[in-house]
Every structure is written in C-alpha cells, then in structure tokens.
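Each remark here refers to the structure printed beneath this line.
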Amino acid sequence: MAESVPDVHDRDEAEIEFGRIVAFSDGVFTIAITLLVLSLEIPPGGDLSELLSERAEQFFAYFLSFAVTARFWLAHHRFYGLVQRFDRRLVTLNFVYLSFVALLPFTTELIGDYSDDPLGVAIYAGCLAILSLAFLSQTYHAYGAGLVREDALPYRRRFTGPPSWIGVIIFGGSIPLALISPTLAVLTWLLMFVAGRWVRDRASGLSAPG
Amino acid sequence: MAESVPDVHDRDEAEIEFGRIVAFSDGVFTIAITLLVLSLEIPPGGDLSELLSERAEQFFAYFLSFAVTARFWLAHHRFYGLVQRFDRRLVTLNFVYLSFVALLPFTTELIGDYSDDPLGVAIYAGCLAILSLAFLSQTYHAYGAGLVREDALPYRRRFTGPPSWIGVIIFGGSIPLALISPTLAVLTWLLMFVAGRWVRDRASGLSAPG
Amino acid sequence: MAESVPDVHDRDEAEIEFGRIVAFSDGVFTIAITLLVLSLEIPPGGDLSELLSERAEQFFAYFLSFAVTARFWLAHHRFYGLVQRFDRRLVTLNFVYLSFVALLPFTTELIGDYSDDPLGVAIYAGCLAILSLAFLSQTYHAYGAGLVREDALPYRRRFTGPPSWIGVIIFGGSIPLALISPTLAVLTWLLMFVAGRWVRDRASGLSAPG
Amino acid sequence: MAESVPDVHDRDEAEIEFGRIVAFSDGVFTIAITLLVLSLEIPPGGDLSELLSERAEQFFAYFLSFAVTARFWLAHHRFYGLVQRFDRRLVTLNFVYLSFVALLPFTTELIGDYSDDPLGVAIYAGCLAILSLAFLSQTYHAYGAGLVREDALPYRRRFTGPPSWIGVIIFGGSIPLALISPTLAVLTWLLMFVAGRWVRDRASGLSAPG
C-alpha cells in the first residue's frame, strides 16, 4: 500500500519519467521561440516602408531574443544531458525557470515597443537575470544533491563556477545601466555571445549562458 | 475481415497506440502553458510604469496559471505512467479533460482582466473544478475498468481517495466564496499548493492535484 | 552517385523517415487544437455577464471544433498506424490535409462570430468536407498503391467503404442546408458523433470520421 | 576535470544529442506552419462575403506559405537524415535558418496585406532567399567538414550542386522583379514547385528546395 511506503517521495519522483520532464521543457522552449514572431506586427493599409522603419527595434528584438533563447536552450539541453535523477525540488526549480522562458514572447514585444524606455530595458534584463539565476539554481542543486551522472562530476565547475555566472552578471549588471542609457544596456547583452567563448578560453572550461 | 471480427472495439482501441495519446496530451499541456503569455499585453506608446502597475493582476494570473497547469500536468503524467491499457471511454474522458486544459489561456486572460469581478473569478474556479473532475473521472474509470498496471493497484486510494478530491473541493468551494469576496476566493486557490502536502502527510499517501 | 541511381524517387522517399511525417502531422493537430482557444476573446472592462452571453456561440464553436478535431486526429492516427510505406503522393495529400487542419482555429473563430450567417456556416462545413475528402484521398491512395501493412488489408472497407464517407456526406450535405437554415446545418454536424457508431453497428465495421 | 580536457569543444558538441537538435527544428517548423493561420482574420459583425473577397490574397498567401514551409521542411528533413555528426557551426547555422522559418507567419501576414506593394513582395522573397541560403550554408558546411554519413557522400551534388540553388535563384531573382510587377514576382515563386522536378529530371538528380 502506498500509505505504508516509507520513502514515498522518492518513489513518487521516480514515477514521473525523466525523459518526459526534459521533453516538456524542450516543448516550452520550441513554442516560446516560435511565438517570438508575434511581437512583430504591421497594421494593414499603411505606408509599408515607413511602418517598417518605425519598427526597426522590433526586428532587432526578435533576432536578439531568438539568439538568447537558443543559447539558453543549448545550456539547458547540455546540462540535462548530464542529469541522471531528479527530485521534487529540481522539478519545481525547472518549472520556475520555464515560467520565465515562456515569458520571452512578452518581454520581447515589450522591449521592441519600449526600447528607449529605461524601464522596458530594465524589465527585459531583469527577466533574463532571473532566468539565468533559475538555471543556476538547478545546476547548483543537481550537483549538491548528487543528481548528476558520475561522469559529469568533472564538469561541476563549468556549470556552477564563475563562467556559469556570466548571464546573471551581464543581465543583472545591465539593469542599473539601463537607467542611465537604455541603448548601452542593450549593447552589453551582446557581450553574452562573445564573453562565453572568451571566459572559456581563459579558464579552459566551457561556459554556459545564464 | 474487420466486418467479422467480433470484438472489434477492443481491436480498434489497441490500434491507437497508447504512447501517442499520452504524447498528444503532453503536447496540449505544453502549448497551453506557453500560450498563457498571450494574456499579457502592453499597448505600445504609453506610460510604461503606469501600464504595468495597472496590470499587476495579469502577471499574478500568469504565474498562478503556470503553477496550476504544471501541477495538473504532473498529476496527469504520474497517473498515465500507471495506465497500461485504455478503452474508448478513457480516450473520450481525456479529450474532455484536454478541452479544459486548452481553455486555460482564455480563463487566465479573463481573470487577469476581471480579477475583482465575482463572475470572472467564479468562471476561472469553475473551469478548474471541471478540470479536476474530468481528471478524477479518468482515474476512477481506469481503476474501475482494470486499465492500470498490476503494480499500480496499491495506489488506488491515492488517485481516487479523499486526497485526490482536493482540487474539486478547493476550486468548487471557491465558487460561492467568489460571490462574497473575489480576493478571498483567489487566496484559497493557493491552498492547493500546500494542501496536497498536508493531506498526504496526514494520510501517509500522495495527493494528486485535481 | 545519386545521378545514376535509377529508382531515385523511392530512395528519396525512404530517406524521409515515416515516423517523422506522422510526428509532424500529430504536431500540427496538437497545435491547431490548442490554438482553438484564440477564437475566444473577452475585451477587458465591460459587463462580463453580458459579454459572455453574447458569446455563447463562440463557446459552442470552441467545444464543437475541439471534438471534431479530436475525431479527425483519432481517424488519422488509426489509419497511419496501418500504413507501412509512403510515396511522394501520400506525403503531398497529407500536407493538403494538414493545411485544412491548421485552418481550424480560423474557421472556428469565423463560425463563432458568424453562426447566424449562411455563408459562415457554409464555409465551416465546406472546410470540413474538404478535410474529410483529403483524408479519404489518403486512404484510397494508400490502399490502391499498396502502402498499407499486410494485416491491414481486411480493414480496407472500413477506410474506403461507405462508412468512411460519413464526414463528406454530413459536412458536404450541410452546405446547401446552411443556405436555408444555418442552425439546422450546425445541428446535423452533431450527427457525426452518433452516425459513426450507428453505421458501424449496422455494417459491423468501424467508421472513420471524414 | 573539464579544465584539462584538451578537445573540449568536440566533447561539448557531442553532449548535445543530435536527435534533440533535429526534434527542436521539427518543432519550430510544426509550430510556424500552424501559426500561419494567424495571418487570416475576419473582424466580427461585417458583411462576410465582402470581407472574404477583400481578403482573397490572404488565403492565397496562407496556402502558398503552407506549401513553401512544407517543402523547406521536407528538404531539411531529408538532409538531416544524412547528417551523422554536427559541430558548433552547424548548430549556429541551423538556428539562423530557424529564425527565418519562425518568421514565416509574419511574412505571410505581410504579403497577405501588402500583395500589391513591391516592398511587401520583395521582403517575402528576400526572407525566403535568405532561408534558402541558410539551408545551403548548412549543406555546404556539413559536406565540407565531413559531418555526413559515408553512404550520403554520393548525394553531395544534390545538396550542394546547381539544383540545390533553385530556391535562392527563384526567390532572390524575384526581388528585382517585384519592383516592376509584384504579381509577376509572386507567380515566379510557383515555379519552385515545378522547377525542382524539371531540373531533377534533367540532371537525373534530386533537387532540394532552397
């Protein structure tokens, strides 16, 4: 009887097959990245060239968010390839993480419309900083609670060491910067796509975005 | 010839592979949870801080529905991990269930816009009460018709006993409450995230949301 | 060299793995059924009970289309479980079919808004009649070109015989009826959910919707 | 320790399982093709027959984009069936490619609304020309870097030879044409669906769209 199983928590968690959790996460990523396109909208019946040039920032936001989402997915993907088991907390942390992944079409529309507004830029940066933190909370917990595969132990520093904090530092650090210059804050985000490689080469390790 | 197969119903149901039904359900969950973001919309060209503070309830509704959907998915997921076979009725009940899962982006938008309206809160609660009932109808039918795996028989009470009625009780019970105080009704929903554990510890069983 | 392979068409088709085609079809079905919810929209800041009662037809349209899509998916699913190989034509016919499956969120919104308009009802019926025909074209072709599994040959009448024409007859037949009475036309669609069983019991075969 | 693994790049890339990348791509395709329907919108409460006839181009755009997306998916699908390994560059090129696949619902809406506008037609053609180029960049790189299966080597000309350039030529070539006659430019796109077969028969090879 379930009622008398002492370690019922573990059993419960074992029942939810690991692959389904990862497939669910992949699904949220795929849908969120494809919904980014909804942030682009051209009203019918206007002067097209004018409408398009007014929306240059929306197109920039689309491609930026596409690249950011792709990087977060690659990191999530790589990390979960090393995870062997999971517990209730890892599942919860992953759902918190996914709730910010699914938010990306909204924040992308926001920054496309409010790219000159310090608040718009700060919210976009803030959501990505939280996303980066929610990812780190998973890697720290998985390594701490012994949920990773044995052959993944050597990669611990890569997923929890200084290079893994790049996303938090860049996006978190750009929040105060946004209040001074929104444009400058946006530009620092692009560092994410070069910083990873730079830090990695320096540390001879591999950085994970966020 | 199909025409002379006596037990053609069973055969028919066997043809629809079980895994596809579950994958279809997972797909609806993944898409519905990612479409929740569509309930968040900020018109361009306004005072952003004002627009955001006016929409505080929308953000609350987004994260609430994300958490609720995640819990329903975990319960569905766990239960279907124990199901071995299915019949026409289980498939039908599952589609009724999914039609209310797919409704979540709508009800989330509704409660984000009408969080102070007793009717808005009652509709949200009503849809989740129906969703909870539609889940229970599956667990009761599957256990009653012998569709679960043999090693899942000890978990019967968990999926059909009192703890499994928590979702129906909380969401159904909040409907009359919403007519008195919408805010209080919303607060009772949060019980769902603590009640499960409380009842489980009490009964030494595991509760399933809804 | 590809250039000298004589039967290059077959090879080409073999390269596209069958499972991916089916997964792609399932994906379109899952997304289309979940996007049906977009046909439901309540503007913020109005009298909610009035707005809802004005939209009763939209809710009816949502649940009708959900049930219709589920039935079409089950039929597609069952049939493709019997298909062993595919050729270029089957893939093309399937894409034509899917282009009308993906149209369902649009036609559902249309009939929710124009349920009293003969044209709105006729378009909805017309799209489902085409969908039914596009499904039949696949079953006829697959059986005619020998693409089904050997053990599926006895089911030929089920997928190409009179019962399989129910969808075409009901939806096609309701088009002229819609010009006289849109409401009556809508009611005949509900026959689809009882007719299948009735014809099947009569023929001792199993009908496929569409 | 990760820090001392010399060939860490390869290892890193190996960790991201190949199947997931392909599944991710398939997901983006499936969602994008199903979101095409969002380009069709009929406002409620108007003269339906008039509203529909005004939107004839939108329906044409929907079915055209559905067919185009299907062809691109088939080509992507066939090609990745031959790929054995991948490196960082192939993943990056694939994401660039997918960012234009995910753009299709937007460009489809654009050309549905601006089918008479040279700029609207040129943008649609331009996006598909870039998409075709982004596909070619993957096939060239995969063959150049030895990432394809050994038995796929004979197909090199098919994926990198003249027939593989059809998409770039048709869509790229229609951009200047659009400035003279938008309608003529749209008509040339239909060549894509016949040109493939024609060139293939001529070369006794198989063309890949784009």
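Letters A, B, C and D mark the chains in the order given here, with residues in each chain numbered from 1 onward.
One rule holds for everything that comes next: contacts are C-beta pairs under 8 Å (C-beta built on N, C-alpha and C of every residue); 3 or more make two chains touch, one makes a residue touch a chain.
Everything quoted here is computed from the prediction, not taken from an experiment.
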{"item": "Chains contacting each of subunit A and subunit D, listed by label", "value": "none"}
{"item": "Angular offset of subunit B relative to subunit D [C-alpha, multiple of 5 degrees]", "value": "180"}
{"item": "Same or different contact residues where subunit C meets its copy subunit B, judged by the half mark", "value": "different"}
{"item": "Centre distance in Å when subunit A and subunit C are each reduced to the mean of their C-alpha atoms", "value": "37"}
{"item": "Between subunit D and subunit C, distance of the C-alpha-averaged centres to the nearest whole Å", "value": "26"}
{"item": "Residue numbers of subunit C (touch at least two other chains)", "value": "27, 31, 35, 38"}
{"item": "Pairwise touch network: line, ring, star, complete, or other", "value": "ring"}
{"item": "Residues of subunit D that touch subunit C when the two form their complex", "value": "26-27, 29-31, 33-38, 40-42, 44-45, 48-49, 52, 62-63, 66-67, 70, 73-74, 77-78, 81-82, 154-155, 157-158, 203-206"}
{"item": "Residues on subunit B engaged by subunit C in the complex (per definition of touch)", "value": "1-4, 8, 12, 15-17, 20, 23-24, 27-28, 31-32, 35, 38, 91, 95, 98-99, 102-106, 109-110, 113-114, 117, 119-120, 123"}
